[in-house]
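Chain IDs A, B, C, D, E and F follow the sequence of writing; residue 1 opens each chain.
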């Protein structure tokens, strides 16, 4: 188990600690081969060098894996750096992913109970059957509970996908009450599975990154394929119901430019899209406020992804009775 | 009171009926002046001509006003047309706007009770005071209850603005429960007034149209000015609270291209924007489905405003237990 | 079999002929129900009316089906119109689709031989197996040979998809010779199947139209799903080969705005995209030139889809030796 | 008063000087708290550190305020840095803003005379009254004379707003002579006030930055609100004249994407927009040429804001007689 | 010479008159060949038919030429139509182009004097020489005086190009006084020739249309080529001066999307662009106001090219002293 | 001749070597003037400083020229740097451009033979004459053989333009066989000259950069002007043939936004555009793969110009028989 974190590494310390290997590169300096690494955990990143046995250590672990290192904390260009003496791959039972990756503050088991209960409200027998089949696929559900909702922007934490899914469901339930033409079962099922492709789009070993599938197919199509395969296991699943459900997945990004191959063409699809946007943006804003707001700071740093600053407001709230 | 509607006019009938004057033009044919009109009511439109005393009748009423005409139903190029003998402006007590304009199916008094009750939940004393002042402005509230939510696209009916406002409030209330950083009073107040500028942007006399102000300033700025004036009546209204509330109004369209002069920069603003979009689009889709869906028709006509067809689905729903 | 075509219908004629039913609508005129239809064949379209037994005839056939009618050619507003006395659905053996739809000028059997020969050049055993499985699916191949390449713009004719596929293959073969990093087998297989989803995106009964699947999923995803299902029938099909092939299908539109959910990220994908564009545009320009160019006309009519006129040039070519 | 400037600070010097505080941050290094600052004046910026009493000094001044510091000039990573021993907030009478901010080269009093004379040419009694009221608001006029025309791009100097305003007026006067349908009084009044909202959008204390209002409302709406309030002080100001004037302010950015909530819909509005653009761009180009052109350099550095290099031309001009 | 115009043609009249031939098409009706024409002059357009000798008359004139016809005015579908008996091509000395095309209200000779006087203010000997060579090319100058400034949008009238050129010069002269870094001779020469390519881009025979060159090269490149050829006639014209002048022509549309192959990279180029835009838009707005404004009409019809209505204002002006 | 390259420079070495001068700047440090340089060759770049006689050495050579320096290799901030003692401009016969610039791997003489042979296949006597005239211009052909195809993105190497030209020709030849409406001679001639303006757009002395002409006119217009001048040397070159050929050059970028002043309006133009894109992108992808792919690396670095990563695939290929 980890006992210290990157943010605690002070020059002069000697450590024997677990880190995730984020980058590795064999380089040469004045005729000598050395290994340049980037290590990390949930608290930050640090550069590292290996001067001895660099070739052998290069083979010891792959990017994304957790390693145990013995190292001194030094500084290089006035920034802390690890000088690594020994390094080996960690064993599965030595580590807890939550030490390396940001983690949802919510209790994932309780969230999953919510998920299960929502499934039980579905009355349409085909949709219900489909959801049951998904839940019976325990390896899928395990990945689903652990996956992040995004790489950087929103819900970028272990369990984030489940959190996001349930928030979108929650807004859609409200909408199903408000608009009488909505097919509630269809909308809620769509909300439950709209981002399920993300289980194959992100790797969560050590740090969040896109998988090859995440880049080459995208989470929208991965989700569509996954649902297509599950549906085919259900004899007589109505063809038009399948089309409508897959349409919800495919169009949930709302626009072609946002990587949906079709735009929303049903009332359920248009609602799902805005529910998804609302929760994604509200979480992203919340995350920025929580990590950046300090006393006396009224504005966030520039948020490049949405080209704006975010306003935190005055420290004192006005008008609270 | 009206006894017949445009859709009922059969060639050969003689009518003495109220219509709204939608267009008027003095023209000449083979040396003779005549008056070409378009009449309408909530059921449709019909062309009309006046051959006698056209100059005088031209002055009798302005576009947008309701007139009473005595006329024969004829046909011109195989399409029904009114041949008008007499025409005068209607008196206010002779007409009911709901005969001429589409009207909300909801009970506006009950909706307004909702509005009032929502106001009473606001605890911030400045925001509460502001809302009270708005509600005390009875001429404003009268217009607010009657205004449409849009000219053509969503909530284009008498009372539509109130319906839309309350639906947006409803989604924002849900969001206020979900995201702990949200200033509930600010968000709900913003939802209540986000579109209030529309009372000055649309004329509702006879048919919905943009006012000069609606075109030259836009409903976003009209709303901002209105709130700015009301706030100035409240001694010591905190400056930053005013900025945050006006920011909600100004940014609620979400993007510059959609006529917001600033993009959402607070968590309340980003939520309000998507709540607004969700309800606007859900209502627009609902309206198209309700007016176009008939047995055997699975797709709407092409919807130019959003460049797509809308899918109604099969007549038989699948999988209902 | 058809003996006359729409373009030959002269007022005064009485006909007993097959047409495809393009639209049907029950209307009322002065209290009487009638049926308004649009009929068509490969030579054009004509309006039609049914005054007697309109309710019964309304049920006789659906839009897209071929009917046999007994009718008089009349005129309405100086345009020819059919006055229909009798109408019944045509039997399959009475009609030849090529009478109703534009048809490739090429011999589809010879084209399919080309297709088969191209498949035989594939050396990669997995890709070859996949193509063999596709070819063994005779119902799929039947649809593939008949499908159009597009609804309106390019290769909008029976057999057009096959023509287009082989042209894209041909350019890709050239490219595979030119660029040494290209995986020829992958590129050619991608070219062969890139548009295969179109077999499910277009209906070809009577006239070309989008199917529900064509609109709700799009041909890109339909093709991806189809290949995904076929690949799963091949034990041990390498996962990354599957990703690369599906990436070719998914990215072949080249940009998100053109309905590809991912952009081309391999050299094969970027080549396939431009080969596809080159052939699609060259065919579209050819079609416009062939159908519009007449002596003395140097420019096409305005081509709305690409916002330009097309230049045919002078009648006399310059400089031919 | 300042006696030396950032650009003159040589390592080894000891200084007691006024600088504006641009950034401040409390940090920790090897267990010790220190204060990291950025100082500046009109000649440039310099980093600074405080090792002793950092907590106390942190409270002494806010970002944007001018401070007096006693410090040694040292180097850090080969770049000059101030090691600060003492720091206190400057008193108003110790400083001259022009030492800290770039300043117009024009005589602002003469420019303001121009402004006043232009006002006197307005014949429309309502517009004239409005301008008189604005000029009577001495606190407003003081801010107006000092405000910059922009933060970085054009007229980013004290007095820049006044310079820009008069240049736009000048082009509009030319246009009023050229186009006979133009309402000269309206156009010139619009030109005089089009950017007046900038007095509330930029803070000029120490360095130019956006105010909270500048970001949350934008200068276009701030100007509109300001004029709206002033107009309300004039009994019987004609409603349509107010609309037309406010339209000039609201639409002067020319397009929605440029943060105008409405596009120009009058001939005066379209002229004002291009006059504004012409002067803004001509000033921005002039500024780049003046600050970057040196002998032998034909091209500016890359100008990111407009995605291009600017050409200065050869040193020798050709063809001058 | 013309004695009557299209707008005066009343059913029943017999006329022998000159019209420009706008369209011609040989058609067949019930087995008989006839000729369908569109005729026009500066007052409007009218359809025409030829029933006798249609084949021969088809050859008599080409689209764009002026013809003399002997015809009866009849009506077809309640719209006036010419029934033509005889038709022949007009001789050059029988017609005055100003009868067929909208014409500048300004005296073109006086305008050309302005042009000449402006040329005489140029002191740079190379630029002056270039302008002299242009003015010596009398066939070019003749076309330059007659050409329109655009096909439909701005200055679409005989002499419009000259009017527009001088207006742009006028704004540029103002700018040359205002900005001290501007090379006045270069800017004014650029203004004088910026649109000179339009002499080859529009045909003015009968009605304004694009020439083949206008479509295939565009007026920007036609102007660049023309100036390139003229410059090559001047021994030792400095290469960089030529680049700067051609840059003014090539970049004057301001953006790539507006068909400039390069964006403005000099201060003269950026000024010329906005001067050009200002005059083009002011003229287009003026034209719409002049042709559409009538008493009681406050708004123009929808202007598709700029996606907006134009506001004319109230009939009564407010505040005129 | 060069004997060592930048990549070989180890701290401690003394060198007397040729480098291209990429940047030069006179600076001051603690009161002393020094010269900061960037040197380079085809293997990389290195910073350099001159402490003695910096003013004189500043005048010795211009950016882009090759110099011979005597220098020590030192390090600055842990990065190698040249400390230059002496520097002089190189003589033409001392250097080989291929030492400083990336160079095509193809034999340029053989490529030029290809070019010549392609010219000989042109049967249209005017186009053939034009190509002969181009080939007779030996100074042009010399530049044409040496020019790069682009500055950074595709074919950025000596001879790259010729390589690219022949690849585009090759695809166009294939297309000319496939589409029967294509004028082969026109298309192939267009392919041969489409980028000929690049000989004037790029400077190749020392490193590739844009010339003033390259920036102020762009390669599209430079090519058009060049062909315009050559065509004018051919008596009776048909005007419409010239238009069609120039249209190919002007429209080959495909869209206005890509700096073509006109879009493709002929079938030859649309084919040329896609052939150009196909080869440019295929070469750019190839270049990235060749320079970045190493064992174990499946993805390229982020490619900013096309906003994506490029996928190299697994090291082991799947399914090779």
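The rule is simple: contacts are C-beta pairs under 8 Å (C-beta built on N, C-alpha and C of every residue); 3 or more make two chains touch, one makes a residue touch a chain.
Everything numeric here is computed off the predicted structure, so don't read it as measured data.
Comparing chain pairs B-C and B-D by the number of C-beta pairs in contact, the larger count belongs to B-D.
Seen from the C-alpha centroid of chain C, the farthest chain centroid is that of D. For the touching copies chain E and chain F, the fraction of interface residue numbers used by both exceeds half; the interface is of the same-residue type. Note on chain placement: the centre of chain B and the centre of chain E lie 43 Å apart, centres being C-alpha means.
Here the CA centre of chain A is 60 Å from the CA centre of chain E. Our note on geometry: chain A versus chain C, Cα centroid distance of 42 Å, whole angstroms. Chain contacts: chain B has residues 77, 212, 215-216, 240, 244, 247, 265, 309, 311 touching two or more partner chains.
Which chains touch which is summed up as A-B, A-C, A-D, A-F, B-C, B-D, B-E, C-E, C-F, D-E, D-F, E-F.
The part of chain F that touches chain C in the complex is made up of residues 123-127, 167, 170-171, 174-175, 178-183, 185, 238, 240-241, 244, 247, 263, 265-267, 270-271, 274-275, 277-279, 281-283, 285-286, 289-290, 306-311, 313-314, 317-321. Residues of chain E touching chain C in their complex: 30, 77, 212, 215-216.
Taken in their complex, chain C has these residues touching chain E: 10-11, 77-78, 298-299, 309, 311.
Residue ranges of chain E in contact with chain F, taken from their complex: 212-213, 215-218, 220-221, 224-225, 228-229, 232, 240, 243-244, 246-247, 250, 256-262, 265.
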